[in-house]
Amino acid sequence: MASFLRRRVVSSAIPLVFVVLGVFCLARLTGNPVDLYLPLSATSQQRAEFSAAHGFDDSLPVQLWDYLGNAARLDFGVSLRTGEPADAMVLEAFPITLQLAGMTMLLAVTGALLVGSLAAYRPQSAVDRLAGLLSMTAASIPDFWFAIMGVLVFGVALDWLPTSGTLGGPEVWVLPLATLLIRPFGVLVQVVRGSMVGALSAPYVKVARSKGAGALRVVFGHALRNAVTPVLTVAGDLAVGLVNGAVVVETIFGWPGIGKLMIDSILQRDFAVLQAAVLLTAVTIFALNILVDVCHALIDPRVRQAVPA
Amino acid sequence: MRSDRARTVLTLVVSGTMLLTSACAVANSDAAGDAGSAGGGTLRVVLTQEPPTLEPCESSLTATGVVVRSNVTEPLVERDPASGRLEPLLATGWRQTEPTTWTFGIRSGVTFQNGRPFTARDAAFSIERAVNSDLACNVDGYVFGDEKLDVRAVGATRLTVTTRTADPILPLRLSFVEIVPRTTDTTAKVRIPVGTGPYAVGKWETGVSISLARNDRYWGKPPTYPRARYVWRGDASVRAAMIDKGEADIATALDPVDAAKDTTVAYPNNETTALRLDGREAPLDDIRVRKAIGMAVDRMGIVDALLGGLARPAAQLVPPGVVGHNDGLATTPYQVAAARKLVQRAAADGVPVHRRITLVARNGQFAGIAEVAEALQYQMARIGLNVRIRMADTATHLQYQLRPLPHGVGPIALLIMHGNQAGDAAFTTSQYLLSDGPQSTFGTPRLDRRIAAANALSGKARQKAFAEVLAYQNEKVAQYAYLAHMRGLLGLSPSVRYRPDSATGDEMRLAEVRPVAAGNR
Amino acid sequence: MPAPDGRIPSGAATSSRSRPPRWWLLLGRDRTAAAAATVLALVFLVALSGRLFLGDRAVRQDLRASLRPPSLDHGFSGLLGTDVLGRSVLARLVDAAGTTLSIAVPAVLCSLLIGSALGLWAGYHGGVRESVAMRVADVILSFPSLLIAVVVLYVFAPGAMNIVLILAVARIPVYLRTARAEAAELRSRLFVDAARTFGTPASAIIVRHLLPIALPTLLTVATLDFCFVMLTESSLSFLGIGIQPPEVSWGLMVAQGRQYLRTAWWIAVLPGLAIMLTTVSATVLAAWVRLATDPGQRWRLTLPRKRRGARAAVPPEMIA
C-alpha cells in the first residue's frame, strides 16, 4: 500500500505541471489586463510601465520561467485587483468550499446508499418507483433556480431560514447544502440502485439467502461491497465537480469560497489569483483521486492485485 | 480479514465526518451579536460586490467610493447633487486668485481618525498623492486627465493649486480627491484608509463584511447610527429578499421587477445609456444611417417593457442637473418608416448598408441589458440593416470601448452606459465627443473647437456653450443613438428613512440615514 | 404469451403475419418506459423539425405585448404566454429545443465514445497505459472549465459549437474512469482469460466481451450525464458565459427568466419543466434499455407487470 501511494503521488506531479502550464497560457490568451486596472486616460507610457512591472510585455516562455521560478520559492504573486498576496487570498477562500463540498458529499453518499439499496431490494415496488421519480426529478432541477426559490420560499415567505450569508448557526448551512445536494443525491441514488440490482442477482447472494441470511445482512454485508465500485467512481467525480467550484451557490448565498474567487479572477483577468486557485484545486483533486483509488483497493482485493505500476 | 478492512474504512469515514463538523463549528464561531438582527444601532447595507480596495484615491470606482466617500474620508469640497452647487467641507472657502490659480481656505480644528490634526499640508499631500504621483490612481484618470497640478500649502490654513491652463472647474475636480493624513504610504495603495469622516473602518473580514464605527473625533455633526456594516450579494433577488426579511436596512441595485414594492425607492443615478456608432466604418460612416438608427430605437417601449419604467428616454449623454444639459433637446421621435427610407436612400447612393454591424454589449452592466441588446438588434434589423449581437464580459467590452480601438472588427455599435458623477459636461465631452477622446471613435474639428471654447467659460456662459455643443453633436455629428437616462432602485427597510439622490450610487452618505422613530412613519 | 420459462417465442413459432420487432413488444409491456419513449420521440421531433413551422414567431418582438400570461386569447402563439420582449414563449421553447438538444446530444455522445473507448482500453491493458489514461483524466478534471468557457467565448467566436466542445471535453474523465474501473474489474475474470488464451486480439476482447458488460453502467452514466450537460449549460448561462443571445436554449431561458420568478413565472418554469421532462424520460428509457441489453436481467421485462413487484430480487427458477 505504501509503495502504491508513493507511486501514485509521484505520477500525479507531471499532470499537475500540465494543468498549471495550461492555465498559464490560456489565461494570457485573453490579452493584457491593462485596460481594467489603469485609469481611463492612462498614457501609453503608463501602460508600458504597467506591462513592464507585471511582466506582461515579455514573451510567454519568459513569463512562464519567471512564474515557475517564483513558485519554487513559494511566491505566487500579488492580486492585480486587491494588491493582496494571491496565496493568502486563495488559502482563505478554500476551506469554505472544502467544508461545503465535504458535507454535501457525506450527506449525499449516505442518503443515496440507504435509499438506493432500499429501492434495489424490491425492484418495481412502490418504494422503488418513488425513489426513482424523486431522484430523477432531483437530478434535473437547475441549481440556481432551486436556490432562488429556496430563498424566496423558506427565507422570505415562510421565514424559517436566513436568506444568505455565512454568519449564524447551523441554519445558514441548510439552503446552500440543499442546493448543492440535490443533484449528487439524485445521481447517486440512480447509480446505487443500478449496481445494487445487478449485485443482488449474483449467485453468492442467492447462496446467502438460501443459507438463511437476513435481508439486511444480504444487502449490506454482501451485495453492497461489490456494488460500490461504480458508486465510488461516480461519487469521486461528483466531489471533484464540487471542489472545482460550487460557484452558483457561493454567488447566490454570498459564501466567499474558491469557486467565486476563481470566476471573479477569470472575469477580471487577475492572473496571479487564478493560477494560485487552480494550483490549489488541482492538488486537491489529485489527492481526492488518490483517495478514491485507495478506497477501491481496500474494498476490492482484485484491484489491489492488479495495481498499476 | 475483510471485516477489518470494512471497519477501517468505516472508521475513516466517521472520523472524517467529525473533523468536518468540528471545522464547521470553528468557522462559525464568529457569530457576531448583530448578525442580521435589527436594532442594536447597526446600519446594515448590502452591496452588489465586495470593494476591491478601500484606497481613497480609487474612490471614483463605484464599488470603493460607495463605502469610502464622505463616510470614512472627506474631500475639501462637496457637490450637492440636488442643486449642483459646491459646498465647503474640509475647505472653508475658495477663490480664483489668479487665472490659473485657486486658493482654498482650510478648516481648522479637524482631526484624523488616528488622532493627528488636519492641516493644509495634509490637503496638499493628498492631492499630490492622487494626481501627481506614480500610483496611477483612478481619480487621476477620471477627473484630471494628463494635468499636473502645482499644489502648495501656505501655512496651516491655506492651500494654493495652480494649473497650466485656466481651469474654472478646478474646485469641482477637487471634490473627488479624498483627504488622507500626510503619513499615508506614497509607494503603494493602502487597503484600509484613515480619514476625517464620521465613520472609521473597524474591521474588514475579507469576503464577508466591512464594519464601520462612529468616529468620536469627528468635527461635524455626529451621525445617528453608531455602527455600520456592509455585506455583498451578487444576485438582486437575494438582496431584495434580505430587505423583505429584515436582514438588511439598505440594498443597492435592485431589479426593476421590485419597483412596485413600498420597500423600494427609485432615483435618477446619473447614468445614461446609448449606442456609440463607429463613424469610421461603412455603413456607419454615413450620417444618414446613424440618424436612421436613432429614429429606429423604440425608447419608450424599451423603458416600459425592459427597464420597468425606471428610466427616461434620453436625447443627450448627460442627465438633467449636470452643467451643460440641454433642456431644449427633444428625444428623436420613433419613426420606423422614415428611418427605413433614410437607409434606402443611403443604399441608393452606394453605401453598403448590408455590411454586418456588430452590436457589442457588456453582460450585467445593468439589469436587462441582454434583452435591451436583443431589442435594439431587432429594431435596427427592421430598417434594413444587418446586425448581430456580441455579448462580452467587462474586459472584452473595455477593449471595444477604449482607445486604442480594435482593428479589423468591422462596424461596431457599442452599447455604453456613461455615468457623469461630477456634474459637468466637460467630463463627458472630453471622453466621448472629442475626435481623439479616449472613448470616442471619431469627431470633427469644429466640434473640438466648440468644446475647447466651452471649457474655458464658467457660470451661465458655460452652461449655454456646453448645451450648444450637445445640440451640435446630435445635429451634425450624430455619433450616438441615445437610449435612456437610467434610474437606480434602492431597497429600504421600513425601519430607516433615507432619501437617495443622484450621487447615491457612487457615494452613499450614511450620516443622512435616520432610523424611523418608533410610533411615527 | 410468454413461455413458462420466461422466454418469448421465437419468430418461427408465430404466425406468418409480420409482427413488430421483439423490443417493441417489450417496450409495450412497460407503460412507463413507453410513455418516456413517446415523450422523448416528441422532443426530438420538435427539435429537428419544429423550426420549419415557426417562421419568425420565435424572434418577432412586440414590446407592447410584454409579459403576457398564458392564455387562449392571442391564438396559438400566446398559448404559453410571452416573454419580456413580447416573443411567444411557445415558439421560443420550440426554437430552444433544437439548440439545447444539438448541444446536449453531441456532447454526451462525444464524451461517451471517447471516454469509454479510452477507459476500456486503459483498464484492460493496465500498467503504464492505465496510469497515463488516469492522469489524463486528472488533468482534464482539475482544469477549470469556467476558464475554458470564458476564453473560448470571449476570445474566440461565441457559438453553440464551442459549448459542445467544452462540455464534451470536460465530461470525458467521467466515462474514462467508470470504463476503466469496470474493465479493471473484468480483466481478471475467467472468460476473459479464456479468450486471451484462445488468441483473441485485445480489441476484440474489449468490444465483444468487456463492452457488453460495461455498457449498462456506462449507459446509466450517460443518461445522467445528459441531464448534467443540460443543467451545466443552464448554469453557464446564469453566470453569463453560456449560450449568448440571440441564440436561445432552455437553459438560457431559465437563466434569463429568473428575475421574473414572482411576476411572470412561465418564462423560467416552463423551460425548466421541459428540461426535467426530457431528462426524466431519458433516464427512464435508459433504465429500460439497460435491462433490455443486459442478458442477465432481461427476464424482468418479460414478466407481466403486476407480478414483477411481488417478487424478491431473485429469479423465480432459482427458488426451490
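The first chain written gets the first letter, and so on, giving A, B and C; residue counts start at 1 in each chain.
Just so we're on the same page, contacts are C-beta pairs under 8 Å (C-beta built on N, C-alpha and C of every residue); 3 or more make two chains touch, one makes a residue touch a chain.
Model, not experiment: these values are computed from the prediction.
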When you average C-alpha coordinates per chain, which one falls nearest the overall C-alpha average? Tell me, please. A
The pair of chains with the most residue-pair contacts is A-C
Roughly how far is chain B from chain C, going centre to centre by Cα mean, in whole Å? 46
Whole-Å distance, chain A centre to chain B centre, using C-alpha means? 36
Using mean CA coordinates as chain centres, what's the gap between chain A and chain C in Å? 22
Going by the touch rule set out above, which residues of chain B reach two or more other chains? 237, 393, 395
Chain A: which residues touch two or more other chains? 30-31, 148, 152, 251, 267
Note: chain C residues in touch with at least two other chains are 150, 154-155, 258, 261-262
Spell out the part of chain B that touches chain A in their complex, as residue ranges. 2, 5-6, 8-9, 13, 16-17, 20-21, 23-24, 27-28, 30-32, 35-36, 50, 52-53, 136-142, 145-146, 188-189, 191, 206-209, 231-235, 237-238, 241-242, 244-245, 247, 393-395, 398-399, 402, 431, 438-439
What part of chain C is in contact with chain A in the complex they form? 126-128, 130-131, 134-136, 138-139, 141-148, 150-151, 154-155, 173-174, 177-178, 181-182, 184-185, 187-188, 216-217, 220-221, 224, 227-228, 230-231, 234-235, 238-239, 251, 254-255, 258, 261-262, 268, 272, 275-276, 279-280, 283-284, 287, 290, 294, 296-297, 300, 305, 308-309, 312-315, 318
Per the contact definition, I'd like the list of chain C residues that touch chain B in the complex. 59, 61, 63-64, 66-67, 84-86, 150, 154-155, 158, 240-241, 244-246, 256, 258-263
Note: in the complex, chain B contacts chain C through residues 236-237, 255, 257, 298, 301-302, 304-306, 363-364, 367-368, 370-371, 373-375, 377-378, 388-393, 395-396
Across the complex, what residues on chain A touch chain C? 11-12, 14-16, 18-19, 22-23, 26-27, 29-31, 120-126, 132-133, 136-137, 139-145, 148-149, 152, 183, 187, 190-191, 194-195, 197-198, 200-201, 205-206, 209, 229-230, 233-234, 236-237, 240, 244-245, 247-248, 251, 262-263, 266-267, 274, 277-278, 281-282, 285-286, 289, 296, 300, 302-303, 305-306, 308-309
